[in-house]
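What follows is a single structure, and I will ask about it in a moment.
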Amino acid sequence: MLRNRRSELLAAFVLILPFVVIYGWMFVYPTIQMVRLSFTDAPLIGEGKYVGFKNYVRMFKDPVFRKAVWNTAYFVALTVVPGTAVALLIALMVSRLKGWLQSVILAAFFLPYILPVTVVYVIWDWMTNVQFGMLQGAIEWVAGRPVNVWRTIPWFMPGVAVITIWWTNGFSILLFLAGLRNIPAELYEAAQLDGATRWQMFTRVTWPLIWPVTVLCLTIQLILQLKIFDQVYLFAVGGRTQATMVLVQYIYEQAFQKNAGGYSATIALALFVIVVTFSVLQFQILRIRGQR
Amino acid sequence: KETVVWWDFLGGGDGVRMKTLIEEFNKEHADTIEIQATTLDWGVPFYSKVQATAAVGEGPDMMTYHASRIPLAVSQGTLAEITPEDMAAMGLSAANFAPATWDAVQVDGKQYAVPFDTHPIVLYYNKDLLEKSGLIGADGLPAGLDGLDNFNAALKKLKDDGNEWGIVQVTADGGFAFRTIYSLLCQQNGEIGTDGNWFPGDSQEKLANAVGVISNWVAEGYNPSYTDYPSTVALFTSGKSPFMINGVWEVPTMDDLNKQGKLFNWGAIELPVLFDRPCTYADSHAFAIPANAGKEVSPEKHAAVLEVIKWMEANSLFWATAGHIPANVAVTETAEYKAMQPQATYAKLTANSVFDPKSVNAGVASPLFDAAGNAFTAAINGETDPATAVAEMKAALDALQQ
Amino acid sequence: MASVELAGISKRFGGHEVIRGLNLSVPDGSFTALLGPSGCGKSTMLRMIAGLETVSDGTIRIGTREVTHLEPKARGVAMVFQNYALYPHLTVAENICFSMSLAREPKAKQREMAARIAKMLHLEELLERKPAQLSGGQRQRVAIGRALVRDPQVFLFDEPLSNLDALLRVQMRLELAKLHNDLKTTMIYVTHDQVEAMTLADQIVVLDKGVISQAGSPWELYNRPANRFVAGFIGSPAMNFLPARARAGSGGLTLTMGDDIALALPPRAVPGFTGERAVELGIRPEHVKLTSEGGGQIAGRVSVVEYLGNTSYTYVDTALGPMIVESDGGVKVEPGETVSLSIDTEKAHVFDDKGLAWTQTTEAA
Amino acid sequence: MASVELAGISKRFGGHEVIRGLNLSVPDGSFTALLGPSGCGKSTMLRMIAGLETVSDGTIRIGTREVTHLEPKARGVAMVFQNYALYPHLTVAENICFSMSLAREPKAKQREMAARIAKMLHLEELLERKPAQLSGGQRQRVAIGRALVRDPQVFLFDEPLSNLDALLRVQMRLELAKLHNDLKTTMIYVTHDQVEAMTLADQIVVLDKGVISQAGSPWELYNRPANRFVAGFIGSPAMNFLPARARAGSGGLTLTMGDDIALALPPRAVPGFTGERAVELGIRPEHVKLTSEGGGQIAGRVSVVEYLGNTSYTYVDTALGPMIVESDGGVKVEPGETVSLSIDTEKAHVFDDKGLAWTQTTEAA
Amino acid sequence: MSETRSTQHRRLDAGGVLLTLLTLIAAAVWFFPVYWAMATSVRYDDQTVKDFALLPQDPTFTNFLFNIQTSRLPYWYLNSTIVAVSVTVIVVFMSACTGYAISQLRFPGRKALWWMILASFMVPISALIVNHFIIIAGVQLLNTHAGIVLPMLIAPVTVIVYKQFFDGLPKEFREAAVMDGATEFQLLFRLFLPMNWGVTTALAIITFIGAWNSFLWPFLAAQDEKMMTVTVGIAAVQDAFGVFYGRLLSGAVLASLPVALAYLLFQRRVTQAITLSAGIKG
């Protein structure tokens, strides 16, 4: 389009000004600070000495850091794909319904999403209480005895994963519902005439067509779950925190409990690199699969 | 009129009592001083926040503080010194406090807080159930518990007599259980030591012994495994366990239930001597003044803060209803206090109390507690043996020095 | 191949009755067009035949079987949807063989079938493309191919040309006609475009608000509309309607229109009509002639002239209302000019106040 | 009102030249249609006139002003988009007055203007509705209203009727013709539908791959196409083309086609043509007559007959290729029948091997 | 949606009924924890560990009373509302402007800005919290609403959604308005935003929920009890000791109630809106 360069530049400048100011102030500047901090031995607050790459060397040798990387990866594996699958399943079930019934059922599935994490913690801590928890019946049935899920290492991550899926799935469900609604009803009718069974309709029509939404969901979930913190922190505190350490929790612990601001910044940077790498990688892989 | 900005971490029952005290104070000083109190989340959040705000000069005028956290706070420059002049202005001195308590607020010979209470752990008991098993002595107090063998025998008897559990304490949180373990370590004359020299001498073995006591209880089925804090209290108050080891802060819970007629006859005593000498872990709620960076405190405000502390110390009898033992010795010697039960019964343990070591890594919600949580949660529930857990803990603490 | 019989079919959505006790017989091998304005229930009827919609009342037979409650896939019908409903994630070949692949037919057989059908529909080069890479006409052919593969007894089309542009539409129309010529399968074709219905069908069924207004051959519908609705709906430009009063005369009918216009029409079979009655005169644009002043029965002023090369449409405002005249490309009048219109009384239609046609007793076919 | 002059206009997208050194003059008050196949650059030209696209070369004048580098809003043009681009969140009245409201004109003035335009376009009842509640034709009228309110010197239309169904399209075409009659504003109208162009325009400009193929009145384009492209593009059904060999004869031209068909045509002005040459004969469907066997020049078999009531199209396969014959509705032949076609030699067109027309020197207009 | 039509035609569709039944059961299981929290919140504390009936036998509001009486709930609700509303308004406004500029305007640094936004989605913002604290303290905004709000304005997802959405709008709208003489600001505020409030609603709701529920930063930034938000305040009055499941869960209910009510009230819109914006993204 024929544009007036000057007025366009001016408009652009005015429009992005608030954003640039706030991001410069609240994101770029602190991030640069963080990078700088990672080369010092600064405490939580205040200045530290320049120590070169000492923090980085330490990080690569730190067994707890390695544990945290492993746990984070484990958690991602437990939540991203299963959570997305569950969301798709629920969306499929909900999309069949109509009218007020659909609203009610959707509300039941979506409500956990609006809860603060502390509330989620309180609810589930109470539900899984070894002595009085509602769920111990079920747990005893599986494990043969009551289990303190948050103190039994093999149970911990799967437990947090289940809760995370329960808590955050509402958003993915809505994404999938939107995707399902975009599939024209005629396709199902055509498939019906072609003799497709219910299962074939899913595998041969729904699934391939919902794939782009799935990619979107998986990418968002991956980024969010790599940054897992609150749930793990709340459920682990007082117990065997090292065995269940995840990256952001380690950042928090180093900064606030161990007063090691510099080292904490180093880990934060490492996490950033991991998130970027993985999300770009996953997105590429999924997209290629989708294009096949 | 001066306003004193006050932060505490006292939620729930403690919080209600502290609020009463503050209201009382404000009423009495309606023309001169007003406390503006804010309650914050207990633990790491509170201390991180104090550290952060003090560093930028935005901290409160005064606050409650755990004595055990003082060495760390001092190393971070968070606390202002309480000078002898200040103490004089309040009319207080070392003589007003039990020696261990007084020592807990000193770092390198300087005082950084005024102790308000001592809050040890104690042994709660269900008098009705003990009587049934013949464990109540002539004085109406539990009898025959001293010595590990005796105590174990008592637990066995209680279990045999049909009680679901013999004793309950927090086993889901090694950091919490460390309070008991530390007490038992101390009873063997063992020490935690301090930075660079953790568990000196044969303390490691003694620590393993202490851990072994609890893991044995769990293994024998006397003490439920992996039990978290609320369940611990619930198991005791619902009569499923005749004994409970817990902080004195649970006294109000029992009191309230008792008043509602929902509780059995109960009491609380100093931890029995299971090893060589009486010794119980304790911490202290103290009043501290933050060193607000770059902020000059006016003499008037300072005086007001001192007045608040002085008043609180003088009126700490009410605080005793929260179960805590007032740090001000004068208060514990009043007739009113002596009539208070079970507070008066366990008050004498202040003479035998042991505080956290003076380390920047010690204190509530500190790396020391953290290390204990990591090492002992597994050990007391029988996932690892005590010796391994102790070695693990020592390794974790040694790693802190790097 | 099979005939389709609908007997007493009704369809209600909630309380709203969309199809009302409809009877229809589609002969084996015929090409039947369902024609009607938007919302008259064409798609609904087609979908009931396909089994995509339940019927509220009545029965459907395909060939000798009653299929009223059979599943869609058991009915032996294939449907081409308005927007084709091609599976966007499958190639042309996969789309065509989708039903075979659902039935787990061997791959080789699928390939062979795809090749055969592609040849028939001139899709050979496109077999590996995705629907998004096809033009509208190509998509339509794929949709037809997908239907063909199932070798149905009845083909159903729901406005398959409505998404195409004018040129392509003409072209695809021809292809469809050839296809029917080749296959001779029964086809039911829904459209609201009368040109399509006229050019394609053996039998046209005009639906109006859920009931059949008239069914018959294109010639019948064009030349002997049973009522005003069909008369107005079929034919482009549409028939001119003029209010008139009819009087039975000797050997015919006299219509008076406006103040001073009188027309003598050939006799009609009007049971029990005597005296005078309000009627409407219907006359198609090609049956009106534009003559220079005074030559015709009705005077008017030209408002617009549309020149199409081979024909011209002249829009004339008369005292009786606007009229359209169709004439060949050579006629030249200017907007604003005063003209006179002469009506071919042999070709005139008369509709009574209920809209029913008074059929001419003797008529030049 | 103003004329529009394009001089030496070129447009490149990246390296791809879409419009190539084009000169065009649109007289003040004319209705000019830009006609051409998809992708030939019609929209691009319109958008350059509107200022929505920069020109790569050349100048644009509107009236007396050069506007080549002016912003869209300063050019005094208004545009009606193909999809109308009505603002979905505004009512009809607000849509119409959007430009006034942007310029902060007083509310009362806006209301008055909206009422006036609504009256003109018969939108009075719809003023408070949102676009989603309007039919296609109503939307188009709102879009025109939105353009009208700006009182432009030039109206630009980009295929405004292509989204409408056939019936509505005919109706809206008429409305547009009346509008132009009333306003007499210069209008430039892009379409790829030749019927629209023919019926609406004073001047048709046929574009082909970015250059003007022919510009002239509808009559000229239909009856004297300058080249094969225009001849084939204008007219529906399209002109029949037959390969032939031309020989200059005395007082005319002789064409031989196939093995044994010879036609004598009236003389053409062919500079420097002697001897024999390969040409194409072009003949419109309405200039071919279907005669019973043996009567015509070309024999063939009927493949499809399309009956439209007033006319019929007969598709005939001949030895020279398929041909279409247009005849009136009365003719009745059956597919498969053998027929003979006779060509009206007076109306025949001849195109040389470059596609250029050999103009008839004396021709019946 | 997709299969509704297909289920109509078989009168007694056993598979369909079974699926619906399964859906109902799944929904009940999914919702159960929330229900159980509510059920526990109306039990006396000593009953919480004894009464496991699905319906509380002796419901009471004492827990709620306790939480309300020992706290400054009205202030906290007010603060939460002020903070969440401000964050929502500013984030949505700012993101719309930025998303519009990146999508529709050409200016130097546009690409860089876009990459920065994508990057900020990937950085763990909680790692920046100490820096935020120092910055906010430096401008004397600790313990003010502005101070609480500022760092919460980093919401890259809204910008991303807006940009994608504006990218997807047909360009004719813009062109029509340009010919009508609209400036860039008029284009954004008179056309692009009002044309589809759905996206804005969806983003506003998601932003609001996030802002209402955030904990760590409001905890650090609010000094005074009267400046706390609900999530922070409720956490502070919770007893760290004792068996107060009733109080704990009634606190949880109080903290989540307003957003839950708002959601239930606007459910249709929320679903529609999120669905809509997702449709555009997907």
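Note that the chains are named A, B, C, D and E in the order they appear, and that numbering of residues resets to 1 at the start of each chain.
Here is the rule we use: a residue touches a chain if its C-beta (ideal position, glycine included) is under 8 Å from a C-beta of that chain, and two chains touch if they have at least 3 such contacts.
By chain, with names taken from UniProt: A = Sugar ABC transporter permease; C, D = ABC transporter ATP-binding protein; E = Carbohydrate ABC transporter permease.
Owing to the predicted nature of the structure, the values given are computational and were not obtained by experimental measurement.
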{"item": "Given subunit A and subunit D, the chains that contact each of them", "value": "C, E"}
{"item": "Among all chain pairs, the one with the most C-beta contacts", "value": "A-E"}
{"item": "Per Cα centroids, the chain farthest from subunit D", "value": "B"}
{"item": "Chain occupying the middle, per Cα centroid", "value": "E"}
{"item": "Subunit B-subunit D separation of Cα centroids, rounded to whole Å", "value": "94"}
{"item": "Centroid spacing, where centroids are CA-atom means, of subunit D and subunit E in whole angstrom", "value": "55"}
{"item": "Interchain centroid distance [CA atoms averaged], subunit A/subunit B, Å", "value": "38"}
{"item": "Residues within subunit A bordering two or more other chains", "value": "1, 3, 44-45, 131-132, 189, 192"}
{"item": "For subunit E, residues that touch 2 or more chains besides their own", "value": "5-6, 49, 130, 133-134, 175, 178, 183, 235, 245"}
{"item": "Residues of subunit D engaged with two or more neighbouring chains", "value": "51-52, 71-72"}
{"item": "Residues of subunit A that touch subunit C when the two form their complex", "value": "184, 186-187, 189-197, 200, 204-205, 208-209, 211"}
{"item": "Residues of subunit E touching subunit A in the complex", "value": "1-7, 15-16, 19-20, 22-24, 26-28, 30-31, 33-34, 36-37, 40, 48-49, 52, 93-95, 97-98, 100-102, 105-107, 110, 113, 116-117, 119-124, 126-128, 130-135, 150-151, 153-154, 159, 174-175, 178, 183-185, 188, 206, 209, 212-213, 215, 231, 234-235, 245, 248-249, 251-252, 255-256, 259-260, 263-264, 267-268, 271, 274-276, 278-279, 281-282"}
{"item": "Of subunit D, residues touching subunit E in the complex", "value": "50-52, 71-73, 77-79, 81-83, 85, 87-90, 98-99, 101-103, 146, 150"}
{"item": "Subunit D contact footprint on subunit E (complex, rising order)", "value": "170, 172-173, 175-183, 186, 190-191, 194-197"}
{"item": "Interfacial residue positions of subunit E with respect to subunit B in the complex", "value": "46, 49-50, 70, 130, 133-134, 137-138, 142-143, 219-220, 223-225, 228, 232, 235-245, 247"}
